[in-house]
Structures are given as C-alpha cells and as structure tokens.
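Handing you this structure, nothing more for now.
Each chain carries a letter (A, B and C) given by its place in the written order, and its residues are counted from 1.
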C-alpha cells in the first residue's frame, strides 16, 4: 500500500498542466432560470487541471448559482463536461462521485460529529456495506494526512461544532481533499478569516491546486491578486472577461461594471 | 468508571447484567401474571429501540410504527388462529369467520397456515412496506414533516382498513382467544415463561444490533444525514438509502415485537395499531433520551408501567399526565432524561458564572463543551431535520 | 346519474369541511413550520361552542349565526394561547411541535370529556336548513349546501385579508423570507400571533359547521386532523390555492371511492394516491421557490 499523497509537488499555473493529458472542466451554454429570471446566462467556462481559477463578479452575478448548477443543486440547461463525462442532469450524489466536490459560503460541517468523523465520512462514499456496518478502527492514511494538512491533528476528537470559524472552513477543505475530488469548487473559502488565516488558506489552495481543477469564488481582490493563476469575471449572469489578473483588471468592460462598486480595488 | 462502561468489557458486562435481570431475576421475583405484563412492556421496548434509531439518530419522525407492529401482530395472530382451528376445531376455519363471514378462509390467509411462512412474513412484510414507503418518500426528497404526516396517515388508514374488514380481520374486536403457540399450550405457565424469555432475548438482541449500528460508520453517517442531509449528498452519498435502511430496520423491530405481543397478551385489535398508539410509542423514547441506546428502552418500560398502574385507577388523570409528558419532555427537555446531567452541569456553570464577578471577556465555554466522546453523538440537534 | 351527483356533492361538502380545517393548518405550517396536532381539538372546541351557545339561545337559527363568530373567537384564542405558551420557543424544531401539540390535543380531549361527558351531544340545525334542494334530480341537503357556502365565504375573507390588508402583506412577507421580513421592520412576533389567531379561528368555524352534519364528541377533531394534514401536504405548504384544490379533490375522491368500494379501502386508496402524487410533485401542487438548501 502506498501512502496517499493529497498534496502534489509543484505550483498551479495559468492554463494548467503542460504535460500529459490534463483533466478539464468544460462548461458550455450553461443557463439557469428561476421563474423567468435568468440568473446564469449562456456561460462558457474552461478550467484545466493545474490551473487555480478564481471566479469574481459583483453580488448577484450568478457565481454561486454556477457552482450550484455544476453540482446538480439547481436545474440548468447547457452542458458541463468533466474530462469526457457529461455531468449536467445527474443527481447531486452521482456528480459528487464523479469527482466534483464543493464547499459552501457558510461552512457546513457536521457539528455533532468529531473532526475525525467528519473527515472519515467524506473519505467513505466508496465503502462497501460491510465496512459501513463495522466500527471505525484506526484512522485512514488519507484522513491522517488531511488532518495534518489542515492543521487540525490535535483537534481530531473535538466536536466540529466547537471549532473556530476559520477551522471549520479548513475542515471543509480537508473533507474535499479526502473525498478525492478532481474538481474543487470553493465558495468564498476565506470569508470571515483573519489576515493570517487568509494567507495560510491561500498557500493551501496553491498547494492543492497544482494537480486539480480548481474554481474559487472570491470577493477579496487582494487575495485574488496574490493567489489566482487565472480569473473569470462574471456580471449579470454572463462572462464578462477572462484571463490573468492583470488582463482582466485592464479590461474596460470590467472597469465599467465595477465602477462605483469599489470592488476591484480594496474590498 | 465511565471509560470502563464504554470499553468492550464494560459493554459486555452491561449486557450480562441486563440479561441476568431480565432472564433470571425477573422470573424469580414476579408472579406469572406480572411476568406476562413485563413481557408485554418488553414488546413495546423493542419497538422503542427501533424508534430510537430512526427518530433519535436518523431524525425521521416515525408516527406510523403501529402499522409495522400491527402487521407483525396480525400475521402471527392469523397463524395462531389457523393453527388453533386445525388443532381444536378440526374444520380449519377460525371461529369468528363463521360468525361474521362466509365461514370460509380467505385466500390471503392461507399462506399463514405454514409456520415457516409466518415467521418469514413477520420480518419481511413490515420490512417491505417500510422499504416501499421509505424509497417513495426519501428518494423524492419529500420533506421531513411530510414524512411524519404520511406515516401518521398510514397508521390511520391501516386501523380503518382493519375495522372495515370485520369478516377477515375481526374488525374492531381484533383477533383473540389463542390457545396454542406452535404446538405449545398457551395456558401452561412454563410456556408463558418461555414466551417471556423469548421476548427478553429479542430485546437484548435488538439492543445489541442497535448498539452495533450506532457505533459503526453507518451510525456516524446517519447522524450526519440527520443534521445536514444536503451536505451528505455533496459528499457522494445518497441519504435516501441511509434513511430507508434505518427505517426498514426500525419497522422490522416493530414487526417482531408485534408478533411476540400476540401470544403474550392474547389479543391484537385496531386499538393497538392506530394513530394514538403509534404516537404513544414515542413518548417513552423521548423521556429516556431519543438519541441514546438505553434511553428509549428504559423510557418505554417506565411509561408502560406507569400506564398500567395509573390508567385503570385514574383514567382521566392518566390522559392529562400523558399529555403533559409530551408537552414538558418534548417542549422543555428534548434530550430526555439522558440530557439531565448535561442540563444540570450547564445550570451550575451559569450559577458560578453569575457568582464570580468575572469580566465580560472571561473565556466562554461553549454549551457543548460538556464531556462528550468522539464515538457518541448523543445530543439532539437544535435543528431537527426539517 | 342522480346517485353520482349526490356522491359528488357529498364529496364537495366533505371537501369544504376539510378546506376549513386545512386553511388554518396551511397558514401556520407555511409561516412558522408548526405542525399543530391540536388543530382538530380547536375544531372540537368550536363544535362545543355551538352546543353551549344553543343552550342559552334556544332559537337554532340565531344561535347558529352567533356561534360562527364566537366559535372563531374561541378557536382563535386557544390558538393564541398555545402559540404564546409553547410554540414560540419551538420554531426551530418543527417536527417536535407535532408531538407537543399532540400532548395538548390529549389534554383538550380529556378536558372536553370531563366537562361535557363522554357521550356525544347534538346541536339542532335551524328550520331553514332542514330539507333538501334538487340539483339535476338529486336531493342536496341544505345543511351541506350551507357548509359549502360558509367555507367559500371564509376562503374569500381569508384571501381578502391576505391580499388586501397590511397584515396580509406582512404574513406573506414572513412566509417568503422570515429574516428579511424581520430586518425590514416587520414584527414577526405580532405577525405570528395574528396568523395563529386567524388559522385557529378558522378551525373553530369548521367545528361549528360540522355540528350541522353530525354529533359532537370529545374526539371529533381526531376524525379530521389526519385528512386535513394530507390536504396541506398534497396542496403544498402555505399555498391557499393548493389547499382548495387538494381539499375538494380529496373530498370528492373519498366519497367516490367509498361509493365504489368500501370506506376502509377508500382510505387506503387515497393514501396510496397521495404517495404516488408526491412522486410527481414532492412539494405538493404548488410550492414556494426559494434558493435555500433546505
């Protein structure tokens, strides 16, 4: 048995991996309408393995709805292709099993269970019935590694509900890691974190993104500038601009949308 | 002490003590009559173990357990009736059928002449009904409140159905007057002791099964589903499967309990299986502590004992008392008596905080910091599944 | 043909009682998530109100007309008390409200039994409601026609309140988004109380109505509560339109099934139908569209 390596070597880069056949997430014509209101309008989006893509845009631009649509939470039309497999229209848990994982704006961990139990559940959808009916013995290697990565080894037996806010967000990321998702969709992972916690989270994202398809929704432009390898700007449900941080910041359309909202500079 | 109780040997010792109490001490101390009464209570306790799993751990408000209890009971009763009719009547037709009906045994009774079919059906029929209803409700993500209402409607419909079929189910009188149980004379005290012992062993087995489930990965997953069903879905599990499995287990336990109830008590009627008895199953579970292992059993036994001693002497008072129990326990102590130590320690804590004129920045101990272990999630969630 | 029309009308009449009972349930369920099992006992209280009023006003016609508003008040006040004492601290535990209110229902049943005795009592119908009218050759009892009209009047009144008054706007706002309503300055406390008052009051009226077609006993509510809940489930929580359609559909189906099979098999068939229906529309006929995870 080889020790699992949740953390690859290397850094993410714009455009993703340059060797072999990188995995990808290809979104085409994605449209979500609620009762006639079009929240996501014909969105095309490509994220390649090894790219750390940030999704930014003003409030109500449809960022979270895109993730909701990709993960099957809201019905959508169009196509979402994960490395050759169409995932749109499948059930939420089937999509998750195809290697698409997500986090939520408000950290949602199982508060009545311990940190270890949270991670163990995340690691286990492939378990057989017989394994499920047995008591957990020891700690899975992947779970142990995730505990170390997210810095919660000493809190392993603590109830997740008693964790600090930032720790809950990290626990969620840890759950994504042990879930072995190839596609990571993170919804505002640093909301409510201190500056130190943000930096650590950013470093963590850089480390895990090198071998995964990563899409992060974020508002904080300082954070985006520091850690993104590429950025997609969304406004009113449509893709406005795409490219490196510098490119989108120089884009006239983007500046127009953000004018007066003070979104691009500062907070 | 508490670590010993949680260790493997502690658990085994606990079961051994329970077994000695139930199988040796109780038969020695109680009269034949009271032993049968305890046997009846044990049947309710078996139902309670299943409710504790489905409701306490799984967050499914099962208001229709009377249906599964009734299915098991009626299947057993039908077999006993048919067996009696062949043994004593010779005609093979149960007495009440010639009284109310055509005097012929309906086709759907016939399979239950066979003891093997009966024993299988006691387990399989409640399990299948729960499977179908569970899949229909949970797969389509019907709300938790809807599930509660549907399971209650099932109990109502089941009771009305039984009452309506006077000629084949005995109507509101139900089925009674059994004389033998798989060839054993039901009047013989030693056979009564045997029946009681079977019920006690089944209760111990149900407890063992529930404990294994609660402490397994499945049990952890079940709590996760109870607290955050959607989140579990995004981890790649289908919560519907987890809930249905648990619901089926609870239904099977209720079915077996019903089948034991019939020879021990000697009658089953729609009054034992409708809406009211179905909800009444829950109060004992709530009092003992719905999310714990032993709480439901002890709660169900206490309520049954209280009911027997109070209901006949003060019928009106008993109903008020039962109503108040629902209001007070569910409303003000949702964790049941099992949560009492935690409530007390929290109160004490609050008092000491008041007394010590600590500054506002004193370290706040979270409410859930009371001793809990990683392997037991006994707390009742603030947000029971919606 | 006459038989069929008679059955249809019996169904509509049953549906109108179910509607009166379900409107209040649907309101409180939709707004607060409360599953009020004591709602049936509020009906029972309304029925006994009609009985008590008739003891002091001997004219059956006047006593009926007086009983309707008094029944509304009695039901409403009971609801208000229940909300204030118990339910308001339980809004975050919707499933547990079902069990708490079941306890309340047990207490109210026993109280009625101790006050009025176990045997049923009868309320006389006024002379102008005795007899039948002919509809396409089928005899239609006037009492049932009256109940149908009464429920339609209550429905119209409720819709007028919900759509046309500031209170109604507040109720609808709280149903749609409680937190937002609160932050926009709506007193959700007051709104919850008023909703409970109106919803429970309607149960009281339903109780007065059923005295016209049957006798009144301590367990009157238990006959209606489960079916009323099924109406709410099938209609969609908090949806008046859905409740109307579901109530009449359930009433008619029930009487058709009873007619073509037996009452007991009819009950089972209805339940099967509802479960099948929920496979197609898990949220009921109509549903609120929100973005929340739950």
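Definition applied: a residue touches a chain if its C-beta (ideal position, glycine included) is under 8 Å from a C-beta of that chain, and two chains touch if they have at least 3 such contacts.
Here the structure is a predicted model, which means the values were calculated and not measured.
**Student:** Please indicate the chain closest to the centre of the assembly, with centres calculated from CA atoms only.
**Tutor:** B
**Student:** What is the chain whose Cα centroid lies farthest from the Cα centroid of subunit C?
**Tutor:** For subunit C, the chain whose C-alpha mean is farthest off is A.
**Student:** For this structure, I'd like the pair of chains sharing the most C-beta contacts.
**Tutor:** Per-pair contact counts point to B-C as the maximum.
**Student:** Need the CA-centroid distance for the pair subunit A / subunit C, whole Å please.
**Tutor:** 48
**Student:** Would you mind pulling out the distance in Å between where the CA atoms of subunit B average out and where those of subunit C do?
**Tutor:** Chain centres of subunit B and subunit C, defined by C-alpha means, are spaced 31 Å apart.
**Student:** For subunit A and subunit B, let me know how many angstrom lie between their CA-based centres, rounded off.
**Tutor:** 43
**Student:** Enumerate the residues of subunit C that touch no fewer than two other chains.
**Tutor:** 293 - these are the residues of subunit C that touch more than one other chain.
**Student:** Where in subunit B do residues touch two or more other chains at once?
**Tutor:** In subunit B, the residues touching two or more other chains are 230.
**Student:** Note the residues in subunit A that touch 2 or more other chains, in rising order.
**Tutor:** Within subunit A, residues 73 contact more than one other chain.
**Student:** Help me check something: in the complex, which residues belonging to subunit C touch subunit B?
**Tutor:** 29, 33, 35, 86, 89-90, 92-96, 98-100, 102-107, 109-110, 113-114, 222, 226, 229-230, 232-233, 237, 262-265, 267-268, 270-271, 274-276, 278-279, 282-283, 293-294
**Student:** Can you tell me which positions in subunit B touch subunit A when the two form their complex?
**Tutor:** Going by the criterion above, the answer is residues 212-213, 215-218, 220-221, 223-224, 227-228, 230-239, 366, 368-369, 372-374, 377, 379, 381.
**Student:** Please give the residue numbers of subunit B that touch subunit C in the complex, ascending.
**Tutor:** That would be residues 59, 61, 63, 133, 136-137, 140-146, 148-150, 152-154, 156-158, 160-165, 230, 275-276, 279, 282-283, 286, 316, 319-320, 322-327, 330-331, 334, 382-386 of subunit B.
**Student:** Enumerate the contact residues on subunit A facing subunit B in the complex.
**Tutor:** For subunit A paired with subunit B, touching residues are 71, 73, 91-93, 96-97, 101-102, 104, 108-114, 116-118, 120-122, 124-127, 131-136, 156-157, 159, 161-162, 175, 179.
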